[in-house]
Structures are given as C-alpha cells and as structure tokens.
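Below are structures written as structure tokens.
One chain, chain A, appears in both complexes that follow, with chain B as partner in the first and chain C in the second.
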Partner chain A sequence: MSHARPVIDAMKPTKPGATRTAPPRAPDGFPSRGNYRGYLAFGFGGFFLFTLSLLVLRSVWAIGTGEAAWNRLQAGFQNPLYVIYHAIAFLWLSWFILRLFRLFPATQPKRFGPFQRPPDAVMVAGLSGAFVVVTLALATILWGAV
Partner chain B sequence: MRRVLLVLEPVIWALFSAGMMVGGLLLPAWALVMGVAGPLGIAATATSYDHFYALASHPLGRLVLLAAMALPLWGGAHHLRHLWLDFGGLRSDGLVGTLCYGGALLGSLLAIVAVVRL
Partner chain C sequence: MADKQKKTIVVTRFDPDKDEAPRQQRYEIPVEPDWKVLDALNYIKDHVDGTLSHRWSCRMAVCGSCGMNVDGTPKLTCKDALADYGDSVEVTPLANFPVVRDLVVDIEGFMERLQKVKPFILRAKELAVEDGPTRQSPVELDDFRQFSMCINCMLCYAACPVTTNEPDFLGPAAIALGHRYNLDTRDQGQAERNQVFREDGGVFACSYAGECSEVCPKHVDPSGAIQQAKMANVIDWVTGLVLRRGDAG
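Let's look at the complex of A and B:
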C-alpha cells in the first residue's frame, strides 16, 4: 500500500465558497450599555496596576540610588497631578479588588475537596475583610505608626 | 508573534492572575500613603528616607516590594491587551501583546535589579 500523498485533496472544495464564520464584531450596546461599562472599568484597572507598579519601581530605584534622589522624587510627587492620580488609583483599585472578590464564588467548585463549599456571602465577606485588614496593616507600616 | 503569545498563554495567565491579586491587595495602601498622605504632609514619616530605606532594605520588605512591582505589571499588561482586543484591535494584537508583555518583562527585570541594589 502506498503512503504517498494523494494528488487530489478530497477535503478541498473545488471553488472558494462563502466564508462560514462571520468577522468579529462588538456585541449590541457595547461599550456604553448594561454590564459592559462595569466590565470595561474593571479592565481599565489594568492601567492603574501597570502605572502604579512602575511608580513603585521608580521609588525603590530612587531609594537605592541615595537620599538626594529619594528627596527629588518626593518633591516631584507633591505635584497636584500626582496626588490626584494616586487618589484615583486608590479608589479604582479598591473597587477593582472588591469586584474581583465579588466574582470569586462563581469561579469555585461545589466542594473544596472533602469540605462543603461555604456560602457565597461568607466567601465574599472573608475576602473583602482580608483586603481591609491587609490595606490597614500595610498603610500603618508605611505610615510609620509601627 | 500571535502564535508565540498563544503558546505562552498559560504562563501569562498565571502571572496575570497573581498580578491582579497582589496588585489589588498591596497597591491601594501604597497609593493612599505614599501618593496622597505623604505628599500632603499628613504622613511625613512615610516619605522620610531613613524610614522607607529601613522598610525597603529588610529581606521581607524586598520580597513584598518585588511582588508589588513585578506581578501587577503582568496583570495590567494582560488587562490592557484585552481592552485593546475588545475595541477591535485583533489585527494588531501581536504587536500590542508584545509591547504589553515586553514592558512587563522589562519592568520585572528592573524590579529584581532594584531590590538587589538596595
């Protein structure tokens, strides 16, 4: 029996036909209606994650360079635009993580190994409480109160 | 390039989900204290060189700062790439994805250097 490739491909249509898949298009009402606004606002949280972590990097780089570089950076951060940016970032990212925790129960299985799954409200409250505790603890340490 | 991004998708997804969680937990406190309260003079100690150097140069401080710098970059990069896709950027996805993840990779490497040189 020959294993040579057939000259004629039986699966190939004899002439090009109309495409069977529609080109991608935005759903109705996108982006201004319904849940799309919340979805996009959540996605835009990525901008604050990206830019704020770059500012943390800038700060750590400055503190590693020396006291003069650190003081220059802190003087720059007193610009009202930086302060407004950080205030918005704080509010946006707080909402971002609380929304993520609110969605968390939908991603979980019915049982956690041998254990029964806790009620959704317990999971959301536990995670949200953890966020508050971690934020307060970190803020206290950064503040210099400890 | 899109093929490479598809192959790397599991790794990118792991870094993205870790970045969302770590960034969401650590960065709000940073923004509030170092970005608002410190510059406004409410938390003057927070912005003092000696205080922050002591925190940052501690081994645990270095680890937390490394996580707060590197992981959210991946979370942000993935979100921004998908926002671009949502607004019809499929044709330029290879370029945008490379820029987003390339930026996250470069930032992560700089973050490692930043905590090592403290």
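Let's look at the complex of A and C:
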C-alpha cells in the first residue's frame, strides 16, 4: 500500500542534512480518501470561478456593445451546453457555500469582543437560512415573477 | 496456558547505506491484548530485530515523538491500541516527510517552519521584575488554551494535502502555534507573525481540507486556527491600509 504512493517534494529542509534520506511520499489514499475529495473539489472550483468570471466580462462587453449583442448573448444561454454548464456550476457553488457554512463555526474566535459566540448550530442555521432565502429571492427576480 | 495471540507487523525499512528505496519487512510476533502499536515495535526491536529504528520517548502521548502512519493514518503509536487493528498492521514513516531511516523521519523542515512563526512570547520591551507579573484572566487564557495543547507530533503535516502539493506551506502546527501566541494577551509580536502568515505558503495557502484536525491526537483543531488566522490577517491588513491613509491625510 504505502510503497505505491507517489514520491513528492514536501517538508524538505532548506539545507540537506549529512545523511541521505528517502524522499517523502504522499499520504495514503491521497487524493481519493476522506477529506481529500473535498480538497480536490474545492480546487476544481477554480475552473468555475474562472469561466464564470469570463462569462461576466462577456456579458458586460455585450451590454456595452448594444441591444443586439445583448439579445444574442441571451439567446446563446438557451444552448443546452450552457444550461448543463450552469446547472453543474450551481451545484458546485451550492456545495461550496454549504460546506463553508458547515465549517464556519471553527473559523470563529471564542468571543466576539466582550460577547460569547453563539452556539455552532445557530451560526450554521443562520447562514444556511440566509443562503436559501437569498437564492430563492434571486431566482424569483430572475424568473420574472417580481 | 493458552497460546498468545500473534499479529503480523509490516514495517517500512530503509537503510541509507544499503537501500535505494524504502522496502517492507514483515514480523510475526506474539502480542498482549493491552498493547499499543509502539509496544509491538519495541518488542521487535528488543527481541526480534535490533536494527529497527523508530522514535519514542514518554509513552503517554505527551512528547509527540512516536508519530507514524498506522494502516495509512497518522497516529501516535503510544496511544494507538493494537487491538483496534486486524491480524496484520502496517506501520510506515509519517507521510510528507523525508525518511532518515526505517520509521524515523527528517524533522528539520518542520523545525524551520516552526522557527519562522516565532512560537514564543515577543515583547516590544521586556518588563522589569519589579513591575510584577503580566496578568492574564482565565477568560483571556481560554481564547487560546486549545491551540497551546500542540505537542509538535507532526501528524497534521502527514495528513495535510496542501503540504503534499505545496512544498513551501508553513503547515498546520506551525500556524496554529503562531496563532496561539497572536491570541496571547501578553504577546506583542502579532505584526511580525502576520507578515510571515501573509507570505507565499502562509495561511492563505490552506484550502481547509480539515484532515489535520481529524488526526490531531490533542484536539488542537489546527485547521480552525488557520482559518481564524486568515480572518485576523484580513482585518489586520485592512486596518493597516485605513490607518496608513488616515496618517497620510
């Protein structure tokens, strides 16, 4: 098991010691085990951040170019590939945000100034509730219901 | 008398003078029901093969010397019961570290990282003895007590995927200890440490996999400390910007 793990370049001292050492190896089960999957999914999210940023730039450019360009962009969004892309991006973003909320309490200090921090469950429920409300409100507006 | 139970301990062996790369060696040994993994290694060393090298000292999960990967998971072998494993147990050196010999890893890289964050109290001016003690309330102590429980066992480094991929990463224990001193009301070295935290490979390299906190035998929660340090650094950076502008005006 352990000898199949890839050799890596971690935790080496800046000056090599007098004794020859065997190179470090990656942790067992890396990258498919436990929290490593979350680590990879988090890293893979860079793809969505990058492409969504390009999409925002393209949208701004279309608005600046004129109504015809904007309408063409809107029509392009009907393409099934765009719909699939947005669906996957939405799923990733939702996972990312809910994971962030779940982990959020550990990132907070024991006290907020003179006040004790609220219980972890209250923080997670508050953030998740706000996320659901904002998502529904935005969906309602974008759907044209408001 | 009934025969003692036997287990196979599969140990990584590496002699820099003879071996090109680490290899595995199997030892079938009699074990007692209350043995820890370290007891099995010590039995091998004392009764089967005296050439086996491994680190250990206190045998009570305080010194942090006996960290190794047991069946793939970083563990303190003096705390890890042998009975929790099957008939065969694999013991390898801590992942993410160069191997000096057998189960002994090179900790120099860790010591360098630890020194970078200055894990001790820094004062702008030392107080004179006649000034009396620097007082700290139990509530203030409670702010960092958890992070002060670190025993430098380096299990968190062996589990950290960022350490695997980013050779310059300061790593969980060093950041947690630096943050522990940043939270200490007696300390005045926050600016110095935050500068190190904000460098490449500092706190922002962590993407919060959380594996370090899962393997920590002292429940330090290094990943929580790193996220707190991130937040503190953002606030510190913004405050610095605003104050500098204020000064200029």
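Following the convention adopted for this analysis, the second predicted complex is superposed on the first by the 121 of 146 C-alpha atoms of A that agree within 3 Å, B and C clash if a C-alpha of one lies under 4 Å from a C-alpha of the other, contacts with A are read in each partner's own complex, and residues count from 1 in each chain.
Criterion: contacts are C-beta pairs under 8 Å (C-beta built on N, C-alpha and C of every residue); 3 or more make two chains touch, one makes a residue touch a chain.
Computed from a prediction, not measured in an experiment: that's the story for all the values here.
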Which superposed partner A:135 touches (first chain B, second chain C, both, neither): first
Contacts of A:67 with chain B and chain C, given as first, second, both or neither: first
Touching partner for A:34 - first (chain B), second (chain C), both, neither: second
Contacts of A:24 with chain B and chain C, given as first, second, both or neither: both
Which superposed partner A:85 touches (first chain B, second chain C, both, neither): first
Of chain C and chain B, partner touching more chain A residues: B
First, second, both or neither for A:53, with chain B first and chain C second: first
Touched partner set for A:43, first chain B, second chain C, both or neither: both
Chain A positions touched by chain B in one structure and by chain C in the second: 24, 26, 30-31, 43
Residues of chain B that touch chain A when the two form their complex: 19-21, 23-40, 43, 45-49, 51-53, 55-56, 65, 68-73, 75-80, 82-83, 86-88, 90, 103-104, 107, 110-111, 114-115, 117-118
For the chain A and chain B complex, residues of the former touching the latter: 24, 26, 30-31, 40, 43-57, 59-61, 63-64, 67, 70-71, 74, 77-78, 82-83, 85-87, 89-90, 93-94, 96-97, 100, 130-131, 134-136, 138-139, 141-144
Of chain C, residues touching chain A in the complex: 12, 14, 16, 19, 21-24, 69, 72-74, 90, 92, 95-101, 106, 108-112, 139, 142-143, 157-165, 167, 171, 183, 207-211, 213-214, 221, 223-224, 227-228, 230-231
Touch list for chain A against partner chain C, complex: 1-3, 5, 8-15, 17, 19-31, 33-36, 38-39, 42-43, 103, 106-111
